[in-house]
Every structure is written in structure tokens, then in C-alpha cells.
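Have a look at the structure below before the remarks.
The first chain written gets the first letter, and so on, giving A, B, C and D; residue counts start at 1 in each chain.
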Amino acid sequence: MTVRIGVIGAGWIGREHIRRLTGTVTGTRVTAVTDIDRSRAAEAAAPVGARVAADGAELIASDDVDAVLVTSWGPTHAEHVLNAITAGKPVFCEKPLATTVEDCLRITEAETANGRRLVQVGFMRRYDAGYRQMKQVIDSGAIGEPLVVHCAHRNPTVPESYTSDMAALDTAVHEVDVLRWLLDDEIVSAQVVTPRSTRKRFAHLRDPQIMLFETAKGVRIDLEVFVNCQYGYDIQCETVGEEGLVRLPDPASPAVRTAAAHSTRVPTDWVGRFADAFDTEFREWVARVAAGAEPTGPSAWDGYAATAITRATVTSLQEDRTVATDIRPRPAFYGGAA
Amino acid sequence: MTVRIGVIGAGWIGREHIRRLTGTVTGTRVTAVTDIDRSRAAEAAAPVGARVAADGAELIASDDVDAVLVTSWGPTHAEHVLNAITAGKPVFCEKPLATTVEDCLRITEAETANGRRLVQVGFMRRYDAGYRQMKQVIDSGAIGEPLVVHCAHRNPTVPESYTSDMAALDTAVHEVDVLRWLLDDEIVSAQVVTPRSTRKRFAHLRDPQIMLFETAKGVRIDLEVFVNCQYGYDIQCETVGEEGLVRLPDPASPAVRTAAAHSTRVPTDWVGRFADAFDTEFREWVARVAAGAEPTGPSAWDGYAATAITRATVTSLQEDRTVATDIRPRPAFYGGAA
Amino acid sequence: MTVRIGVIGAGWIGREHIRRLTGTVTGTRVTAVTDIDRSRAAEAAAPVGARVAADGAELIASDDVDAVLVTSWGPTHAEHVLNAITAGKPVFCEKPLATTVEDCLRITEAETANGRRLVQVGFMRRYDAGYRQMKQVIDSGAIGEPLVVHCAHRNPTVPESYTSDMAALDTAVHEVDVLRWLLDDEIVSAQVVTPRSTRKRFAHLRDPQIMLFETAKGVRIDLEVFVNCQYGYDIQCETVGEEGLVRLPDPASPAVRTAAAHSTRVPTDWVGRFADAFDTEFREWVARVAAGAEPTGPSAWDGYAATAITRATVTSLQEDRTVATDIRPRPAFYGGAA
Amino acid sequence: MTVRIGVIGAGWIGREHIRRLTGTVTGTRVTAVTDIDRSRAAEAAAPVGARVAADGAELIASDDVDAVLVTSWGPTHAEHVLNAITAGKPVFCEKPLATTVEDCLRITEAETANGRRLVQVGFMRRYDAGYRQMKQVIDSGAIGEPLVVHCAHRNPTVPESYTSDMAALDTAVHEVDVLRWLLDDEIVSAQVVTPRSTRKRFAHLRDPQIMLFETAKGVRIDLEVFVNCQYGYDIQCETVGEEGLVRLPDPASPAVRTAAAHSTRVPTDWVGRFADAFDTEFREWVARVAAGAEPTGPSAWDGYAATAITRATVTSLQEDRTVATDIRPRPAFYGGAA
């Protein structure tokens, strides 16, 4: 069975996902595309033989759409996801699930009321081979119980439109999700400490930032977010346990020896760094949809937690204090204890 | 346009390729399968909705086959490839192209007479990301003109049926192809030197073997083939040029620190090591077929050279002397000087 | 000229230094040894032909002692160092310079009044080849201005007598000194965050601890101190600057590939890890003493700062708040601005 | 007891060793220096308070010399070493022991007749920490019985006076000695294969050269000697055994990430690469001499074998054939079976 997908949002990431769903992932077709800018939707739809839908609601409702992909502007996510839940259709929503904690909770409540998991949130790190191998090592018990995690998320540079709160909301959000999954634990507080800022970029921006998280089990995480590090796109993660540690691998690259140096390449963008993770993410999602099964990826609950935690992190940055994330108890519907 | 593929040979590698062509590569369908063992063909065909063809000739001739994949027993390759050329259909032939130099030349002559490239040989190393990056480094001039290449091809173990000549014919053949491509050069002689053999395996087997190759441009290659090295599947390649060197990366793997050791994983089989290379190999081949274009992968000429070189290597092993490969001048049809 | 050294304190570290000064470092002799336990002094003195001095005061005053090495119990350091200053003799004092901030300041005041630098404190990290290379990289400007430093100080295990405040006073003190030197900057505040403690060791101990330091220039440092990490003695340091980063090398060790793993050794004790640093430390100190020159190593001021900073760190651990280190302005005598 | 050393040969390496024996190694003094150029001897002697001896014979005979260091021109080594044996004094001879096989044998015979080991040859690789760790790994049985060794010896560049036979005699001689020691095995044949030569250096020179050695136990060694590799001084060694492999570590160096590259330094000269090995070599030799014990380092027999093997290698280069080394059976005096 070919899964027919309708795509809401034909910006850069939307077009990238359309390309992936049609050219790289098997068993799927993009049948409808919509965008607030209709001509942009048309441009994205034409090469793959999809039609342009009037709007998200029409697209979600139509018979030629089995599953929905939401890649529109963040503040519109909640509406589309809620519509998809109402329509009973699987929906893959790019992060964030919603830009407010309240909207996230409306979604988890709607999905719970619906009684069946339909929502997957686009946190692709869980599909990266390196993180998966790390999780296997942790889950195997080889390093004992995790106690500390050291992370870094570095980008070569960001545009002027990037603001200090985006360090948590747009950048650290990936670590927030992947660490919750890696540790099978919840983040209960956040604190931001700010080194002097790099002079290589805009004066308005606090960059780098060190984010400190504490989990329910007492694990301490430090995460350096540095989005104008100049030298490359560099993702580091080291989990220290009671008996050892495990470190995320750097991407493989040939070693060159010239001019008294031994060197390997550092990636310069996330597209290349996580290309395989995106492929795997969609392959596994499409396979679940095709099988009529619930998704196994990041859930609406994970989307809610990520928004709550990154919002608390922004508050810490703004108010210079440790902020509790106040994540609610996880309902049984989402695998919680109760 | 979906490329409809007929598969000749439903053994392990045939079924693996069928899985890949239907589950991983987009734009293709397997429509027909044949095998000397009809029930094996049926088992392979059923899950992907293909029919069982009577034999290779019928499969090649039939209208529901746009392109042919040959994964049958080596000695049968030549016949199927020649039939495909006669039928004017693209054919992807697993290595070897043919088991004798004479058959290889019959194929190159038939293809030349036909006037259009139809044959691609399944040397997947050219599609491995690491080798491709190495080639970019070499072609960029960063290490200067290549002078020496050091290689190792190690397998954990082989079955008793593996014989000493297979070290060249089945194992080193991959390096032979990838080195000719990497260096854009021809191998003109081969010499095998034999260390004492490992006692970990069968007495009949010379293992390891050190193969020494010389190229037309004067590059010297040493290749350790060690198919019972016990510890893992390990592929090493280092090209030394006039100004530096470049080394094939090991596959990325998390580093673990426990018990006074820092360690990463070494793969234990080639399936995992080159899985991405196989995917890319077929993706690129299918895309060329779909576009009605000639293949860009290893040609029938490359298949001929690989057979001639590995045969010379076996002669060297048997007669304990340096053996000329006697590769013919490359015809213009295959990109030669004229 | 042979430098004649008197050693105060013949415990394990004292005997280790005597061995080093007589067997590894040229141009020096140990002529006198004293210890609160006279028989221990005698045991240490005999093999190197030194005499046993009655006590520190006698040793410092005697004509056969050109320079003094203090390796006695921490609380006695101040008295011996002050005596040496009064006697106008060079004194090498193992860390800490003194156990209270007040005693440290008494020493710096005495030395300043004396008008000549006589004191060197035994922070050997500054003599480690890796840290020295790191400093060269930083000072070269290759990574731009430092913004963030990530460190880890891990020991396999500690005895039951090790208490939670020793994580700062005895362990982190090495990083405190080397970071001040590496960054040419002062630490102005300290904050300790405590992950759940490992269950592999005594219940009374907070282990690991994450120490956060801020410098006068606004650099943020995070230091994981984990003294029961089980797997090895592991010192990590990564300095992130405006244009790149530099990472302390791990000690060189052969790579072994067996059983599907590629592995190198992690040291298991600091003696081996910093043996060369100790040698270099004493070689350079002895060379300065022999030349009648002031020492170039860690000064009394550095000893004062280390004590003040680690005391503030202990306060943070005890009171769970960020604590200012209240380091005084550096006097001109110690290279300060005023 | 201080060992009083007389140095024959005050060229660059002689002065370097004098510096080491007086400034780095304890328990020794240089008391006499001689050189064919008397003013050069005087220059070397003055700073360490040594006298200038008339010639080698006088130096060896004189009462103020306990042990002799020979660092003169290669062809003069044999005479000085034989004189020292006659005088019954320990002699450390820089490589080569002698430039002809015959002279080497005269030395081993004289030493045997003398009945006591007096000679040590200056092969410092055996004292390098990395090689020693490799040997521990091999001797531990962790990789099983050795079967194959891959080596490279690369220098950035050599002067015009360097000739093609020096690749074996001066350069590969270090690997020849260290491999015999590492494997506890004898080299029985040598073959040189010559890649096209680099154009970065003089037309008269065959560079690089690949040397192939076979040992008595059947181990096969390939050694790339490339003395104008441009990029650095790079020593590689990998021993492959029946169950795994061990690889010589690269020198530790901080990793730097800038401009999309992760890089470490490659040394550019052997002085820095093996400085610690030279120190250890002399420390252990002086300790043996001081104790009145026979040396434990490379013996006259090892010196003989190295000359015989490298001479055979030169013959292979000149005559383009595999050449037997014809090493005699090792006498019991040198630890042999008979």
C-alpha cells in the first residue's frame, strides 16, 4: 500500500521533506500540498505530481490524503495537528508541536480523548545511528546508571533574525528531546549561565549559552549552545555513568596528513550531519502508517515536554534563576505510570 | 517512470538485492525472478509480487522486464549478460562479470558492437562514502600525485569451502576495482607473498596473503588479505602521495570508556559495513536506467580488468613469481585513449 | 653548581620527590630530611645519603640546605614556607600553599616584604606537555578569545577518608590553578551542582560534583569532578574560543583490535599520567635555583588564589548558592596591574 | 658512583649526546672528548668541563674514562669498539656498529673471546614508550602469534647527499632492529620494490622504496621508506597476529577544531619524536654501567644483524631480486640456542 501524504507548508523544510518522501523513502506519494503562499505550494507540488490544496483544513479532510505532514510556521502547528486528530489521520508535525505549553496540552488531551496515537513530532536525532548506538550502550548497562551528561550544539553561524531565546526554543530543543529519550528520564529544572558573548556576531545575541538541566532521577546535564562558533556544525554528547562513559561519534571522514597536520573534516551544516537520520525517521514513520499502526517516534507528550522545558529555559535566561519545568505526570496513555 | 527489474539468481545475495530494490530504492519494481532452483525463485518472488520466469533467457526477453539483475552463480554470468546486450537491455551483473578473461572480452566486444553501454558490474566500493571522499581528496591534488597505496581486507572468518585462489578472485577483487578507479590507473603486474598461515583455520588455506600490485603509472600497492583474522571485518586503505596521504575512515561508532580502556566497535561483517554503499549503488543505477542513460558505474571493461588482474594474482600465488596482467589497451568506447 | 635540598615531610609524596630529585633530575642533591615521624625521615634519608634534621626550622636554617621542599601535612605548610622566606631560601611547597586564605595572605605579604620571589607551589599541570601545547594554541590566537572551558577530573576510586569538600580542596584545585594559567584570567565565582551520587562508593560522599566557575573576563568553566568513576584516571579539558576549540590530548597508547573492538588504554593513576610533568617541574625549578633566579612556576599568589577559590567552592557546595571568590587585586609584585 | 664517560666524535649527534649525558641523565659525567677536528672537540668539551683527548685510543685507555661513547664517522666505529673491548670498558656505539659485515663479526668475536658483554648499539627505538607498549601487547599474547607487520618511516625531506642505499643503511636500519626485537625473530630475506619516485626531490634518489622482509618464523614485513614525504616525520608500525592487531601510537598532541577541520600535529623531526627514547636509552645504559652489569640494550650481535640485513636490502635494490640475509646462527653468548 502506498501512503498518500498531504503536506502543509512548502517552505524550505517542507520542500526538503517532499523531496525525501518522493525520492528517498519507498512506499509513499505526496498527493497534496498547501501553503499560505499558494504559488510556493504550486512550485513544490508540480514536480511530484501533487495537487495544490486550498488550505490545511481542506487538505486534511480530503480523501486523497492518508497522512498529514505539518511543516508550516510554528504558531500554526497546533491547529493543523488538532484538525488531523479530529479527522483521525496520522500526522507528522515538525518541531515544535506547538509554540505554547497550553496548545501542546490541548493536543495531548485531544489525542487521548481520541483514544489512539496519531501524532509524531519531528525530532530526528532519535533516528541518528550514533545516538541509537549510544542508547544501546546505555541500555545495555555497560556504563552503569547515568549520572552526568555533557553536550554541545554548535553551528557555524546564524542570521541576524536569530534571537537569544531561540538558543533554547529552536536549537537546544533537539538535545532536550534526545536526552529525555536517551536517559528515559524527565527534565525537572533548567538554568542558563551566560559566558561573555562572541564578538563575531550580532550585539543583541547571548551566544554561547550554557544550559544546565536536572532530571527527575538526579542526572545533571550541561549543554553548550554556541550558534556562531565559526568552525563547523558540531554535535557532542557524552554520558557518564557509574562505571564508564559513552560518547557520540563524530561523522566518519578520511584522515589527511599534509603540512605537519593530521586532519579530518568537521561538517558545516546540519543537513549533511543528519541526512540519514531524516531518511530513517520518515522510513519508520511511513512503515507504521502503511501498517495501520500507531507511530513509535516522539509523541505529542514528548512535544509538550520539549516546549515546556525550552520555555522554562528561556525564563531562566531572562530572569537569571533556576526554573522548574513543571512537567505534569505522564498519563498512562503516553506510557506513564498512572 | 518505475523501472521494472528481472532478477536472475535468487540465492542469498539475490534476495538481499530484491529486498533493497523494493524496500529501500525508490522508482523500481521487481517483476520477474528466475533461479536454477524454481522453488527458491518462487520464495523470493512472492513477497514482492513478482512472477517466476522460466529461465534467464525468457526473463531477459520478456516485456515486463526493463532491466536485468544478474546474481546467479559466477560461471553463468557471461551468458546472461550477453543475452541482455543482445536484447538491448541494461544489465547489472554482480561480480565477477565473468569467470574467464575470454568471456569478459566477449562481453566487451558484444557491448562495443552494440554501440551503447548496457553493462554495470556490482563493485559497490565505489559507492562507499569513505572511498568517495578519499577520491575527492586525491583528485583535489591535496596530497599530490599518488605513489604508494597500503590496503588491508580482513574478514573474521570464512567457511571451509573457501580456497586460496579465492583470496584474489573473491576478496581482493574489490580492492582491485576500487584502486583502479581511485587512482585512475591500470594494474600491470601482481605478486603474492605468503606469510606463515594462521593456525586458526583450515590447513589447505594460504591465509593471510600479501598482494603487491604495480600500476601503469608506477604506483605500488600492497594489500593484505586476511580472511580469518578473527577480530572483525576491517577494510583499510591509505594512499600516499608526493605531498601527503589520505586514509579511509573507519565506520563511526560511539567511544566507550570502561575498565581502563577507551574503545570503539569494529564491524564484524561486510553487509553492515557496506550497506549504504549498496543502497547508493542501486539508487544511482536505477536513476540512470530510468533516465534512459548509460550507466556511470563500473563498466564491462572494469569487469574484464578485474578478472584479468585477479587471475594473474592467482597465477602468482601458484607459481611464486611476479605476473604481468596483460591488460589490453583500453578502447575509446570505454574511455581509452583511442 | 649542585643545589642542596632539604625535604620537610617524608610521607609518600615526599619520598617520591626525593627519588625524583636524586634519580631523575640532574644538578641536585638531597642533603637533609625531616618528618614528624623521625624513623620515617631516617628511612627516606638513608638511601640518598642525607642526614635527618631535627625539625623544619633546623633544616631551613642549616648551611647544607640551599633550597627547601615542603611536602608535610597541609596545615603545617604555612609555618615552613614563612620560615624559608625569613631565611631567604627558595622554597618549593606542595599544594596547598596553606589551608586557610589568611595564612596564604600572610605568606604573600612576607614574600612581598622580603622583596624577592622565593616561593613556588607544586601545581604540576602547568608542566604537562599537553597543557603546554594547549596554552600555545590559545596564546597563538588560533581559536580566538576563550569563552567556555569544559573539564573533567576523574579518578577510579578514593578511600573512605576522602570527604565531599576534598573534591574542591584536593582534586579540583589542580584545574583551578591550571585554568587560571591557561586563560591568564582570574576566577571570580564558584557554583557547585550535585548530580545523584554514585552508589559505587561511600554514602557520605557527594560524588560526582559539577563545579561552575566564572572568570573576570566572563569565561564560563564547567568541571566534572568524579573521584569514583571506576574506569580510570581521566583528565579532560576543552577550551572553546570565538573561532575554534582546542582539546587536551589523551596520553598516547597503542591501539589494539581484537574481538570486534578497537581500543586504547586509559591510565589508572595520576602518578603515571603526570610523571613527566613532575620531572619537568623539578628540572625547571632546580635550574632557576641553581641560577640564583626567581622561580617561574606557580607563585605564592597562585597558591593564595587556589585556596581562596577552592574554599569558595566548598562554601557553594555546603550552602547551595553561587559564591564570590573575593580574590584581592593582584599586586604589582606578582605581576598585577597596580 | 658517577660514571665518567669519554666521547669519541663531537659532531652534531655527539654534542647532542653530551648535552643529554650531562643535563638530563643523572649519575654521569663527560670527562673526555675527542674528534678528528680538535677544535670541534674543544668546543664540545669546554661547557661540561671535559678535557680534549688526543685520539680515540688515548681516550679509551685513560683512567678518567669508565665507559666510552662512539659517535664518530661510521667507518671508524669498528676500530674504537674493538679498542674498548680490548680495554675491557663498556662502549656505547651509535649505529651502525660497523659499516661492513666482516667488521661486525670481528667485534662479536672479540667480545665473545673477552667473555663479557661490553657493547651496546644505539638503536633507540627499543626505548620508545610506544614500541615498548606494543611489545608488551605482543608478548602478552593478546593478538596471538604475529603474521604480518606493516611499517612506514617517513621524513619530510633529506639533503642532496642522501643516496638511494641510505634508505636501507641509515633509515630502515631502525625498523630492522626494532622489528627483530619486537618479534623476537630473525630477518632471513629482503626484497625492495620501487614505486615511481617523488618529483619533489633529487633525480638520483629512489624515493619512496618499499622493503619486504621475511623472518625465520615466516612473518612478512612491508616497510615504506619515504624520506621526502614533505608533510612530516611519521613512524607507523602495525603488527597483525592470529587474533588481532596492535598499532604504534602517534605522539599525543592537542586536537584543534577550526575552519571545518579537526586536526592534530604531526612531528617534523626525529629529534622531538624520539627525545624521550634517547633519554631512557642512556639512563638505562648508565645504570647498568654504574652497577658493573652487562648492558641490556641492543648487542653487538644485533649490530651485526642490522648491518647484514640492510646490506642485503641494498643488494636487492641494486639487483632487483630477493636477497637472503645469510645471518649466521646466533651463538649462545648472545642468547642463541647453541
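Everything below uses one rule, namely that a contact is a pair of C-beta atoms (placed from the backbone, for glycine too) under 8 Å apart; a residue touches a chain by one contact, two chains touch by 3 or more.
Listed by chain with UniProt protein names: A, B, C, D = Inositol 2-dehydrogenase.
Every value quoted in this text rests on a predicted model; they were computed, and no experiment measured them.
The chains in contact with chain A (Inositol 2-dehydrogenase) and with chain B (Inositol 2-dehydrogenase) alike are C, D.
Distances between chain centres, each the mean of the C-alpha atoms, put A farthest from chain D (Inositol 2-dehydrogenase).
With centres set at the average Cα position, the gap from chain A (Inositol 2-dehydrogenase) to chain C (Inositol 2-dehydrogenase) is 44 Å.
For this pair, chain A (Inositol 2-dehydrogenase) with chain D (Inositol 2-dehydrogenase), the centres built from the Cα atoms lie 58 Å apart. With centres defined as mean CA coordinates, chain D (Inositol 2-dehydrogenase) is found 38 Å away from chain C (Inositol 2-dehydrogenase).
For chain D (Inositol 2-dehydrogenase), residues that reach two or more other chains under the stated contact definition are 230-231, 243-245, 250, 257-259, 264-265.
Here chain D (Inositol 2-dehydrogenase) touches chain A (Inositol 2-dehydrogenase) in the complex through residues 230-232, 234, 250, 257-268, going by the rule given at the top.
For chain B (Inositol 2-dehydrogenase) in complex with chain A (Inositol 2-dehydrogenase), the residues that touch the partner chain are 22-26, 129-130, 133-134, 137, 142-143, 243-259, 264-265, 276. Interface residues of chain C (Inositol 2-dehydrogenase) facing chain A (Inositol 2-dehydrogenase) in the complex, by the touch rule stated above, are 144-145, 147-148, 150, 152, 193-200, 208, 210, 212, 214, 217-220, 222, 224, 226, 229-231, 240, 242-245.
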